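Pasting the structures here.
Next, two complexes with chain A in common: one pairs it with chain B, the other with chain C.
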Partner chain A sequence: MLRMIKEKIFLVTVAFLSLLTLLPLFHILFSVIVKGLPVLLEGGIGFLTGTLAPPGSGLGGIAPAIIGTFVLVFLSSLIGLPIAIIAGIYAAEYPNSLIGRTTKTLLQIMLEFPTILVGLFVMQILVIPMGSYSALAGALALAIVMMPYVATSTEEAMKEIPFTYREAAFSLGLSRFKVVFRVLIGMARKGVLTGILIGMAKVAGETAPLLFSAGGSSRVYFNGIDKPVGAIPLLIYNLIQQPYENYHEIAWGAALVLMIIFLAIFIPIRLRIKEVKL
Partner chain B sequence: MNAIETIDLDIYYGNNHVIKSVNLKIPEKVVFAIMGPSGCGKSTLLRALNRLIDLNDNAKVDGDIKLYGKSIFEMNSIEVRKRIGMVFQQVNPFPHMSIFDNVALGLRLNRLTSSKNELEEVVKWALKKAALWDEVKDRLNDLASDLSGGQQQRLCIARALALKPEVLLMDEPTANLDPIATEKIEDLIYELKRDYTIVIVTHSPSQAARVSDFVAFLYLGDLVEVGSTEEMFERPRERLTEKYLTGRIG
Partner chain C sequence: MGLWMSIGRPSINDRFKISLLPFSALILGIFILMLFVYFTNSIQILQREGIGLYTTNQWVASEDPEREYYGVFAALYGSVYTSVLAVLISLPLSICFAVFVIDYAPARLKEWLIIATDIMAGLPTIIYGIWGAFILVPFMKEYVMYPLYRHLSFIPLFSFEPLSGYSYLSAGILLGIMVTPFASSIIREAYRMIPFSYREAVFSLGATRYEATKILMGYIKPAIIAGVILAFGRAIGETVAVSLVVGNTFNIHPSLFAPGYTISSLIANQFGNAFIYKYMVSALFAAGLSLFLIGLAVNLMGIYILRRGRHA
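What follows is the complex of A and B.
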């Protein structure tokens, strides 16, 4: 009897604690929806298609920032994904080589690297030489943030494939390149795609690496990769520092849009990737 | 001429001497069984024959292996593996590919067929050869992982046969199958030896007796005895062989 009571108490405690860890998540979802939704409803479609209102009156729209976010995610994927996937495969294929081990260690460091330093680095190598903030610089900074997520999940997914499939592929007279890129990568696709999605969702919400690289023009649309570009997180960051009431409202609306974009990348595709039965 | 010949073959894993100076002559178009207790080096020996052992960085091979008189170490390992197909103990069709794609994979990636028609013909031929065609002809686009274990193993045989190898290596192909699926595979082996040289590894003497023409008995890396299956099961020359066949070591 006493043992059963102890068991119950333990269960209830664990359940309560796990609820506690979820509380912040639900609080964020809740407050963003409660404060953002009225803004979206009031601004209507114009909030998604227009440009920023003047200080003090009206809402206008955040279209330049939305487009900027998409452009930045797209460009950073273009730069980051091929390198990251190849690095992940390399680390999985040659785990004992010097380059393989170094790659792995560097990736782990990059994963935890303060992103503001990435922004500073890009400013040094790109923004200062080019003489201006640019979409390219923002994308490069985001690509650096994205790469370790994609590379480590690629590496893990490749390593999880049982050795017997590798043997089977080699036994068909295939070169190592074909074994990896035409057979095994297909078996690892869930892991690789999950990594890509996490990476994309992560950089869609990044602010720090963009501060000194993308520039953040909230009234000008994307007009070339060598020109400054806005982004939703950057817009939110800028707006809440202003003393105007309407800018704070716009920031809440923008936060809701960002959250919807984030969840829209994340949830449906994640559900749709078919598991490979091993 | 012998299909395969090993000459003073030694294999080491690091400091472990796992195959000790083995000399084998495997004639053409027979079923040649390599039997012995678990851990005696059977699978290692088999993996040396198509140089799959190259995948293991720790393994070192001394001596020579000849395929129709030519050393496989003078050939490209890719070439060797095209001519010597393999079927594994762990039933391993590629689970993310369709039945058709599993068989077509080697043909496509090695560019062995020139048209879609030809590809389909060869895939069909291989599936028929593996006695699987009638069971899968209406579901070629289903995933390979949807098949039963025995069907999956026959699919693996079809996958290997599609490349039209001269020799087929089988590493305990029925170890993970039920008795009915095992019987089907054994019947298939009997059929296949008309066209192929088959080297099968088994830890079951009774399977060796059922399917093979010749048998080699391997014990702790030593080749104890080799000869015609009938003779060895009736009059083993070595006491160790007799002990193994009567179940006193295993």
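What follows is the complex of A and C.
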């Protein structure tokens, strides 16, 4: 009898706590839509093309932040992707070498690393020498955050290729360079691409690494890569901390825009593949 | 490995290896450079204050360098407090969710449940932040903190009047929500990998589902421990979501409802204007160093336990 009661309690607890796990997600999605959509509708197209309204009145627009986010994601990909993909290949090709092993462990650590520390680091090595916040510094910080995602998934994709393909490629008399870059990387492209997109989706939503590198910009569209840029997450963070009601509304609108960008990249990838590492 | 190492002329293989090496070395280099930057920038304040930096709670920013004194104990305390809360909240949730997905969810629902938690794990943290600051905190203050404070304030945990709602508890709950999908995916993977014959064996002994799950959980204990450790590491490094709900006050208080600080939110809040003071930059780098080392230790430990569990 007691066993059956325990069993019932157990099943109810599991069901209830599972529901509780997902409840916040739905509440967050719901809140962002309910609070953000009216802002987007009221602001209209101007919300996506204009610049920040003065404190206390109006909605203006968040265009500088949107542009900034795209610039930052593009630049950080430019810096981070080649390094990450090749490092991933190295870890897959030489899993037993010291560098291969160290790189692999390091990448796993970097996946979990406090991202604020990256921002502080970039400030010290790039922002201070250059004398100003810049898109370049923001991109470098994001590239460091992005690299482990791309490298890990490249490494895993390369390792999943059956050994026979490798043998076949070598038996054609190709050099190892050609085997890897002409044959194997093509076969692993799906995994690599997934890693790239996940990395991009991730850095598009990062705030902490940008706090002391990108600098933020809400009134100037884009000035060049050596000048400060805005970013949507950074804008939201700054607006929440302001006392003005209209800034909070803009923050919700911006959160909806950010969520749409994130989900637009993330959901298609996630539906195409079975597992992702986050 | 050895097999294809010997294929082809060694010189070409070596050239291949050497041409890829710089990229791997670059990642290693960035990491070492980071550690180096944190160490060198911390030296100044550590020479001045010694270990007192980490053990005192005093934050005196002054134009006069003589009077400056920085102690980050409150932030260390807050970081650990909120992260422990997060882990305590996420542990039952993530275990139950893992069990539900593997054992009870219908096949068609299963995939969607996993997709939902993946979205949760990847969702920009600032979205958690805005939700936490504008929705979670007012809700907690009104419906959880004040009722508990009014009736149970003789218990130290509930002894602080939740004036603003920004508190360790709000931060702990928000962090708990954020790390649960991550911890759950580690536990889920391990739980899924348990050989089917083990399940059969347990059930053939006449165990109820509760007893079977309990026994099987014992089997994947390393993964649960690793999940907890890695979730702790993730929680302690989180910045923006926490800094929006924790209150950002130099405070050391046992109560869940008291506002506090964390290392990462301290850095986020203070670093922008740190350069006008002589020692503050160094103090913040030293605070960052402690976060760096905690993060490194926690992650290495988690990865080690996870790998050992997999080989066993």
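Throughout what follows, the second predicted complex is superposed on the first by the 247 of 278 C-alpha atoms of A that agree within 3 Å, B and C clash if a C-alpha of one lies under 4 Å from a C-alpha of the other, contacts with A are read in each partner's own complex, and residues count from 1 in each chain.
Here, a contact is a pair of C-beta atoms (placed from the backbone, for glycine too) under 8 Å apart; a residue touches a chain by one contact, two chains touch by 3 or more.
Values in this document were obtained by computation on a predicted structure and should not be read as measured data.
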First, second, both or neither for A:62, with chain B first and chain C second: neither
Touch count on chain A, higher of chain B and chain C: C
Which of chain B and chain C A:236 touches, first, second, both or neither: second
First, second, both or neither for A:198, with chain B first and chain C second: second
Contacts of A:73 with chain B and chain C, given as first, second, both or neither: neither
Contacts of A:175 with chain B and chain C, given as first, second, both or neither: both
First (chain B), second (chain C), both or neither touched by A:183: first
Touching partner for A:166 - first (chain B), second (chain C), both, neither: both
Shared contact residues on chain A - chain B and chain C: 96, 166-167, 170, 175, 276, 278
List of chain B residues in touch with chain A within their complex: 50, 52, 55, 57, 78-79, 81-82, 85-86, 88, 90, 92-97, 105-106, 109-110, 145, 156, 159-160, 163
For the chain A and chain C complex, residues of the former touching the latter: 3-4, 6-7, 9-11, 13-15, 17-18, 20-22, 24-25, 27-28, 31-32, 35, 82-84, 86-87, 89-91, 93-96, 99-100, 102-103, 105-110, 112-118, 120-121, 123-125, 144, 147, 151, 166-167, 170, 175-177, 180, 198, 201-202, 204-208, 211-212, 233, 236-237, 240-241, 248, 251-252, 255, 258-259, 262-263, 266-267, 270-271, 276, 278
Complex contact set, residues of chain C against chain A: 1, 4, 7-8, 12-13, 15-17, 19-21, 23-28, 30-31, 33-34, 37-38, 41, 92-94, 96-97, 99-101, 104, 113, 115-131, 133-135, 177, 180-182, 184-185, 208-211, 213, 230, 233-234, 236-240, 244, 264, 267-268, 271-272, 284-285, 288, 291-292, 295-296, 299-300, 302-303
Residues of chain A touching chain B in the complex: 96, 162, 164-175, 178, 182-183, 186-187, 189, 276-278
